[in-house]
Each structure stands twice: as C-alpha cells, then as structure tokens.
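Take a look at the structures below.
In the two complexes that follow, subunit A is the common piece, with subunit B as its partner first and subunit C second.
== the complex of A and B ==
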C-alpha cells in the first residue's frame, strides 16, 4: 500500500504543500475560489524552519499506537481499519485538546473546518487525503511537491531506495553528494550568514 | 528570534530593539523570522513567474521538472531572473537621475523657485563633456542645454552614452569588442525587459551580457547623471564634520528626519529648517531649535554637502521612529519600508510621502514638484514644529559619534594637492596596498553592520584604503572609523599617508548613486598609470546587500573591471553555468568576477589576495596572503 513518505533533506521550504493541502480540504477544491470560502480552508501539513532556516514538512505520522487516539476521551479519534489512517470525527470532537497535548509532533490544530458543523471549532489534522485517494489521486501535498521531499510510494520501495543510497555513500572513494550543488552552495552561505 | 546581540553590533539598535519589544512594535527582524523557511526555488533562482503558461519551477534535485512550460531550462530561468533584477536596479537609479535632470531643466526655465545652480564650475565642466558651448552664454542657458543633452542620453539617438568618455580607453575598447557599450539609459533597461520576455533571448550567456550593458547604462549613465546634476544643483561635496547614530536626535529640539534618496526634496527641507520664522515658531513651542537628520541615502546627500547628521542606515529606519522623538519623517523613494507608517502610528510622528511615484500606507501624501517644493517644504516644516507639543515620552539612549564626510573625487584630489599622483605614489611604494569600495545596504540575513564594519577594519589594518557609500558609510561612521584619529586602527603605511593628509582611513563618498564617484576615481588612477581599471589593485564589496539596485551596482563594478565580493548569495545557485560565469568566466570577458562570502573575515582575505595579485601583475611589491 502506498504511503506519504517524508524526505526532509529534499525540502526546499517553498510551502507549496501547505497551499495544496488547504485547497484539497476546501469546499470548492480550487485555489481561487477556496481563498474566498468561509471558514477559510487551512493546511494540515506545516512547514517549519530548521536551525539553518531549511524547510521541514511536519505532518501527522499516523502513529500506531497513536497517543492522540488513546488520549481522546470523546472517542472522536479512530483508525481506519483498511488504510491505517488516524482520523478525527468532527461531530464527536469536543475541542478539549487532549489529543494535541498527547501528540509528540504538534500536528493537531483547532479551528473551524468545512467538514465540521458550522461555527464549531474542532481538532484538525492530516487525513492522508483519504477522499482523493479513494478517487485514485495521490495526496495533495505529494502532488504539489516538485523536489521530492514528500512522495507517495510503497514503503518497501522507499526503504529499498534509501538503503541503496546509504550503501553507495559508504562505498570506498564514493563522493555522492547528499544534496545537489545548487542547494549545497546556498545552504553553505545561509549557514555562514547565521553563524556571524 | 536571535538575541539582540546577534541582531546588530550597534548599541543604539540593540537598545531600541528592546524598546520596540516593550512597545509592541514589530520590526523587520521579526518579519524576516516569520518568513522562514524562504522558498528554495526562489532562493536558487529556479522559479519563473514571467508568463502565465507558468508559474514554473525547476527541481534542483533533478527528478522533478527540469524545464518550464515554455521549455526554458535552469540556465535560462536563472539568467532571466538575474537580468530582471539588474534592469529594476538600473531603472531605479536612472529614474532618480531623470528627476534631477528635470529639476535642472526647470531651473533653467525659471520654473523652480528655491533651486539654483550652486556650482557653476561643475556645470561648465560637465557642459564641456557634453560638447555644450559655454563661452559667452549665461549659466541658465548652459544649464538648459546640458539638461537637454542629458535627456538624449536617456533616449535612443546615441550610439554610446556621453559620460563613457570618462572610462579608460582600454575599457571602452573592451566594451565595444564584446558588444556591451551602453547606448541609451532607458533603452538598455527596455531591451533587457524585452529580451527576458518569453520567447526572445534564450541564450543565458547573451542574456547576461545584456545584463552587463544594462548595468553599465546605470553606472556610467543614470547614476552618474544623478551625481553630476546633484553636484551642479546643490554643490560639489567637500569634507565636513558631522555626527552619527540615533543620538543625533535632540530631546530639546524639533526633530525632522528625511528618508529616501533624492536630494531634490531634502535640500528644500534643509532650507526651510534654517528659516528664521520657523526657528522662532520652534522656540515659541518650547523647542530649542529645529534639528534635521537623515537616514538612508538622502541623508547621505545632505551629509556630503552640509554635514547634516545621520540617525541611521536601512535597518535603523524603523528603530529611529521608536525613539518617540521624531516630529516628522519625510520620505521620497527607494528602500522605504512600507511598515514605517504603522510604526509611526505608535508614536506622535507624522509621516509624509512626497513623490508622485511612491505612496505608503499610513502616510500623508504631500507631493513635491520643482515649482512648489520651496513652499511645500516651508509648510511641512511648520507642521513638524507644531507637532512638537504632541510629543510624549522620548528615548534617545546613546551619545552621537563624530565623523567626517563629503569626499567627492574633487575633494580627494584636492586633499592630495590637485592630482592623484600622491595616492599613486603611495600605492606604488606599497604604503597603501590598494583601495576597496564597500557599498550597499543592510540585510536582516547578516548581523546588522557586522559585515561592513568588520571588513572595513580588516582592510585598513592591512593598509588598504576604504571608500564607502550608502548604508555602509553610516555603519563605519558609527564604529568610529571616519575620523582622522581612526588612523590608529590602520596599518602603518595607511596610517602614515592618511595622517599626513589629515583624512580618515575610511572615506565617505556619498549616497548609492555616488558609487559612480568610485568609477571616476578608479578611471583617474588607471589613466594616470596608462592601464585598465581591471589592472589596478582595487576591489568592491557589498557585505550586506539586499536590493536590486545593489545587484546592478555590483554588476557595473564587475563590468568596469572591479572584482566584487558579495555578502548574501544572489538567487543564481540553481544554474552551475551562471555561477561559473559570474565567479570565473567573466574574468576572460571583462577582467573581473564576482565572489560570494558572507563572513567578512574571509571576504577580507579574498580581497587582500586579489589586491596583492594585481600588485604583482603590475610589477609592484606584493606579499603572500
């Protein structure tokens, strides 16, 4: 089964995943009309800045066991038996924030949402784009990401690829750059600026 | 958010930053933090917003798209983006120059009350360069013809710009040979915008060559005209004592701050501040006088010609307002953060925008034109004085620092006894190893003023004369490098030469359009030695640059043969070819390259190595660095 896989070293910090995520979770599903919707759709993936201001796409890991699910006294958080995705039922959510306190990654937000009862603030997080996937589409963030920081692939395949990369990097005399020169140069300058 | 110590090396910035936190005022550093991470496609120059088949971006990892919708690859996209930066910078300086030419024409037509020809000598020497006959003509007639001839430089009738005649013969021949002789100031910017339209020039090398020509049309055209006409209208600068930092604001006086670039507005404000009526009104309101101070380059213009104090540079503009001591800030254009109106709203400060081409939120718009400037300035200064009684708590946490400014080329040559020979002799003898122009802005990516001050210190310690302009000049003045006593911080050779002449080891050459004074000085040195600019032990540096104008300045420095070290990285790393051309290939084209080094300690080493290399090639004494 395909999953969203995060490759942090490839994030260029463009935040296009955030825009695509918000649009995917809007009523209209279109950027220009989504901007006018109320409540305004919001992203469920959040790009943070690392020590050197490099980007990092922070999203729900759909942990198992999931601390948020265990902490949810209202029984609003559940796991989809088929996909393993951890989901929140906005009708049952009581906005108590227990899930956010339990979440080690800080990926649960509280706001009104197009799928929640009007005027009700609920817990919102990544749903693995289950509706898009049901239509045969890839999750919106992976479709938007052009640098390969967010991919949608078989976990086994991602693991094999990573293993091969690591194996090649430890070969004697190998000089495979972790990042291409375009970014390596930029990152070196940014680190130098910040170290002043 | 970094600590205040990590944000700025200056005491006034740190103390005022603390105050902005207490006052709940948001500054440029907080907004910079909120923008992190910044988009990697844009930072590498790999995003293209030129047409609406796009926007497009190239995946720097090589797996995603490698061409835009039109088919442009990384080289084309990076080159087009860089060239549009250069075009915007050239347009800005040159439009500033155009406004001055219009004032010159209005003065000649008797339609600019309050303005006059302050320096007839300069008018006549520039007239001679433009081939304008001066014998038997009155000053205003000459001014009219010079203004007219300059307008032609902006157009499409010329094969080459008039003031290129100031460049060494060898350099002009080189420009001709590689096809970058600028023909018209507006023409080159226009052609640059045309070439970067989808489906026009898709040779990244030919695009960058036009980028050089466009930058040259600024350096030897628009900016040079701006400086020359400013000298004609307001006087050729000569050394003046002044003071710098936020401490120049006075608790007991009405404080008026001018911000922006064009002396057309600030000169009239200065005149009004000296009016006996308004000074009497100030006393009536309980103030001891009217204190005019500058920030940014229009402040530098006034400092150069009148010794008006400077309250700060680019990143100080918000903090200056947070003193609560400014009755009025008047702005014209360029580098004026749109946040200023909001910040002024937290205090009693009145914000006035003055240019028909620049408006800002939270500012009152009072337009200056040549025909109403004198009257408008008097009105506004009166309103500033009246605002004094609304002043609340004031916080001016530091004492001002002394500095000397006003080193035009004329003044430098004058100090040398009328010829550049003594400077050349000192360079030949190795007492002065070479000279470096440090120019450009502040940028929240670099600790405020750290790049400027550290690089200047390292260079003068190693007997390299520093000339600076714009925001650099305020930084080094605040650090105490612009007084004759600063020779104590210089190496023995530079100390001896500057000491004998009674000048500081870091010379203030003016505003950012005044970078052309560096070109003129470099040309004079090259001509005296019979060599090209690229043969001289010179370098340029922009340790904290942020603006498109700075990109253009750096480019005309390099295209004129001056090796230039940038602090922050321009958005070009997405194309290894473009990076290679800028940092190596250009050596074979124009005899100079760019380098990028954010750490000023390392930049100083690069520059010293370059200067010693040039000395060696000239057969002068050189040392290993």
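== the complex of A and C ==
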C-alpha cells in the first residue's frame, strides 16, 4: 500500500503543503473560496524550522501502537481497520489535549474545523487524505510538494531508492549527490547564515 | 487458566482486553462495586461543568463484558483474598477461585475530619454517582464550598462556577494545584480563577459543618464562618486495599509491585491507582494515580498474567487541563527538591500569557510546565520518559518554535 514518505533533507520550507492541506480540508476544496470560509480552513501538516532554519514538514505518523489513541479519555481516536489511518471522531472529542500530551511528534492541533460540530473546538490532525485516496487521488501535500520532500509511494520502493542514492553518493568518482545540487547549496547557505 | 480482576476502571478493563488478546480461551472474571459498563472517570468533571453528556462517558460498548467473554460480578466489593486456597471472598456469594489475580481496585476519595460531616449535600467527587448527586442538588445551590486546591477541588470549583454557583475554595497551600505546578504557574491559574469570580481562602481548614439536615455553612479553623449550601471535598484519594492480606502482600504507599507488576505473592498482580511503581522522573517508589498510567499498567499486567513477560518502565506524573482561557500542562517533576541535583530553566511571554519551565537532572529532562501553546508537550514527555541526555541547548526546548526536528541535531 502506498503511503506518504517524508524526506526532510529535501524540504525548502515553502509551506505549499500546508496550503494544499488546508484547501483539501476546506468545505469548498478550492483555494479562493476556502479563503473566505469560516471556520478558516487550517493545515494538518506543519512546516517547522530545524536548528539552522531548514524546513521540516511535520505530520502524523499514524503510529502503531498509537500513543494518542491509547491516551484518549473519550475514546474519540481510532484506527481505520482498512487503511490503518489513525483518525479522530470530532463528535466524540472533548478537547482535553490528552492526545497532545501523548504525541511524541507534536502534530495535533486544537481548533474549529469544517468537519466538527459548528462552534466546537476539537483535536485535528492528518487523516492521510483518506477521502482523496478513495477517489484515486494522491494526498494533497504530496501533490503540492515540488522539491520531493513529500512523496506518495510504496515504502519498500522509497527505501530502495534512498539506499541506492546514498550508495551512489559515497562511491568513488560519484557524480550524483544524495540531494540535488541546488538543494544542497540552499542548505549550505542556511548553515553558513547561522554561523555568521 | 482462571483470571480474576478486581475493579472495572481503566486498569482492569485494559488488563482484561490484554488477557483476551493473548489467550482467547482463558476464563476472566471481573469484580467491581460500580454497576456500569466501564466509563471514563476523568470525564466526570465534564459532566459537572456541562461540557459532556452522560451518554458520552462509557468508553466501551454496552455489551463489553459479553463481547469479551468476561464474567462480570458487579455491585460487589471484595472482602478478602485467600492466598492459600487461591480464591477471593465476596459478601453474599460463593468465593471466586483464581489462578491469576489482578488487584485494580483503584482509590477512594478521602473524607475530612470535621463535625457533622454526615449532613446532606456534602460530596466527594470520585465516581459518576457522586457527580449525578451533585447535579441533582444543584437546583438549590447558590453558594458552594470546595475543600482542597488539588485537581479534584479545582475541577469541582470550575464546574460549579460554570453552573452559575458562587464558589469559595479553601486551600492549605499558597496557591492551587501546588502538587502539580510550580509557584509561577500556580499564581497564573489562581489569577485566572479570581478573575472569573472564584473566592479563595488560603491556609484555613474546616472544623465543623452546620445545618439541620442539609449543610448550610462551615466553621473554619481561623474562627470564621462560611455560608454554603453545597460542600465538595477534594482532599485526595487513598488506595482501596483494605481487603489485602498485609502479611503476604507488601504495602507501602500502595501495593508494591515488581517490574512485571506482580506483588510479593506469586500470581497476584496490581495495577492502577492502588499500585506503587517507580516514578521515572523521581527515580523512587511513587503512585502516579492518573488515567493513562492506569491504562498502561493494566495492559502490561494483563500480558504478564497471560504468560508474556513484559516489563513496565515506571510511571510518570502528568496532567493537562484547560482553565477558562489558560491551557496548563505539567509533566514529571516540576518542583524539584532544593538539593542541587536539578536545574530549572524558565521562559515567559506575559503578553501572550505563555509560560514554560524545564527541569533537568544533569542534562536529562525530568519535568516541564507549559502554560498555553501546549501542542509540543508530547515531545517533551517522550524525552522525559526516555531519559535521554539532550544533544541540543536546553533553552531551545522552551522556545515557541521548538519542534521535533530540532531534537535530531544539526545534520
């Protein structure tokens, strides 16, 4: 089964995934109308800054076992038996933040959401775009990512590709770097900026 | 194999499910004095403040016991454990034999020593019935008195204020939640409550209650009086273990267990608020009577009872609560002893009402307090739990921009 794979070394911090995610989880599903919607559509993937201000797309790992699921006081968090996605039932959620206290990646947010009862603040996180996937589409964040930091592929294949990339980059006379030269330069500049 | 579980709180429920997953044919009997399907005990305070409806409380299906193949003996409290004959004695019923026994009886609310404490409308808040009784009495309540500034007292006060009562809280320490938060956070919480109309009296206790059938006031240790038509006692809990044979099962603060949650008596386990484990942050025996640890202990005990040796790493105190406009999260050891073994870093942004504190032992995080913007709390919790030395400057962890990527170093 395909899944979203994160390649943090390729993230340029453009936040296009956040925009795409917010739009995908809006009522209208269109950027321009989504801007006017209330509650304001919000992303479920969060681009943060690493130690030298490099980008980092942080999203739910759908852990198994999932600490948030085990910690949920209201029994609102569950795993979809078919897709393996960890989901939050907005009708059962009591906004107690026990899941935020349990999540080792810090990916859960609390706000009103188009899928929640009107006016109710609930816990919100990545749902793997299960609805888009059911329609044959890829998760919105992977579709928007142009630097290859978020891909939608078979995990085995991603691992093989990565192993080959690393192997090539350490071979003698290697001409291809593990990340494209432009990205490597960007990261080098960011590191240099910090040391200045 | 006959498994008997005492208690149907989250520890008992998690144990029963773990046993069933490991062994589809094992006999499982659950004995509890609460006569319902398992419900979420932390949510009873939400029943009081009106943010949850009664039907939201159950955490398992109506047919939980039948579906899991569990014999449920409800409405019964255990009288004694006979370790020789390996059976438990119940009032008005034949003894129940066991091969493996789990004591997950939890804890009972502590009462106060005061005259006339048998008057009506004096409550403790531990069970769903307690809150239901409080709600039934709410119609005639204008002024409520809450004893204790701990979590329960605090949630009772919050709930009653939300219901429109005038609430007076009596606390013995200088600020509420003194067991959970440090002074700075405690003062912020107190200010928030005062701002919303709570009356707080510090350093006094109740000596006697007044009233004919129902409580109408209380006399205080400083000679003063408070008029009230409801009293809620939030003076902590004591482990429910009066049936435990103390000559065979070692009891300190709670029932002592080893890393497999087994007591000194072979085949007898304990989990949840009744069990005393090692506190990860303190590094010594402690009871962290909180729901997520009870769930984890129940699960671990269940697996061990079913024959799979699984070690429990120890418990960690933690809490998260939303107090009007403040979100408060506390993790591990937040008020370290003043013996030079721990250092504390703090960060504050009064404008956004944010406060953060990180407690370190050498370079290992052992505790944290977060007020507002609590989303990264779980990252800190897993650091504390893993006892891993920090590879980055600890100040980083206090910044609002902190995220899990930064823990991966400079790569």
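Methods note: the second predicted complex is superposed on the first by the 191 of 196 C-alpha atoms of A that agree within 3 Å, B and C clash if a C-alpha of one lies under 4 Å from a C-alpha of the other, contacts with A are read in each partner's own complex, and residues count from 1 in each chain.
Note that contacts are C-beta pairs under 8 Å (C-beta built on N, C-alpha and C of every residue); 3 or more make two chains touch, one makes a residue touch a chain.
Model, not experiment: these values are computed from the prediction.
J.: Clash or fit: how do subunit B and subunit C relate after the overlay on subunit A?
T.: Once subunit A is superposed (C-alpha atoms), there is room for both subunit B and subunit C without a clash.
J.: A:94 in the overlay: touching subunit B, subunit C, both, or neither? Say first, second, both or neither.
T.: Touch status of A:94: second partner only.
J.: For A:180, select first, second, both or neither according to whether it touches subunit B, subunit C, the two together, or no partner.
T.: first
J.: After superposition on the shared chain, which partner residues are touched by A:192: those of subunit B (first), subunit C (second), both, or neither?
T.: After superposing on A, A:192 lies in contact with subunit B but is clear of subunit C.
J.: Considering only the touch criterion stated at the top, classify A:49 as touching first (subunit B), second (subunit C), both, or neither.
T.: In the superposed model, A:49 contacts both subunit B and subunit C.
J.: By the touch definition at the top of the document, which applies to A:8: first (subunit B), second (subunit C), both, or neither?
T.: It touches subunit C, and subunit B stays clear.
J.: Applying the touch criterion given at the start, work out whether A:108 contacts subunit B, subunit C, both or neither, answering first, second, both or neither.
T.: So A:108 only meets subunit C here.
J.: If you take every C-alpha pair with one atom in subunit B and one in subunit C, what is the shortest distance in Å after superposing?
T.: 7
J.: Which subunit A residues come up in both lists, the one for subunit B and the one for subunit C?
T.: Common interface on subunit A, subunit B vs subunit C: 48-50, 56.
J.: Going by the contact rule at the top, pick out the subunit C residues touching subunit A in the complex.
T.: My answer: residues 40, 42-43, 46, 51-52, 56, 59-60, 291-292, 295-296, 318, 320-322, 327, 329, 331, 374-379, 381-382, 392, 396, 401, 403-406, 408-410.
J.: List the residues on subunit A that touch subunit C in their complex, please.
T.: Against subunit C, the touching part of subunit A is residues 8, 46, 48-52, 56, 58, 67-68, 70-71, 73-75, 92, 94-106, 108-110.
J.: Could you pull out which subunit B residues touch subunit A in their complex?
T.: Going through subunit B, the ones touching subunit A are 36-44, 46, 57, 59-65, 74, 445-447, 450-451, 567-569, 573-576, 579, 596-600.
J.: Could you list, by residue number, the parts of subunit A that touch subunit B in their complex?
T.: 10-15, 47-50, 53-56, 146-148, 179-183, 185-186, 189-190, 192-193, 195-196
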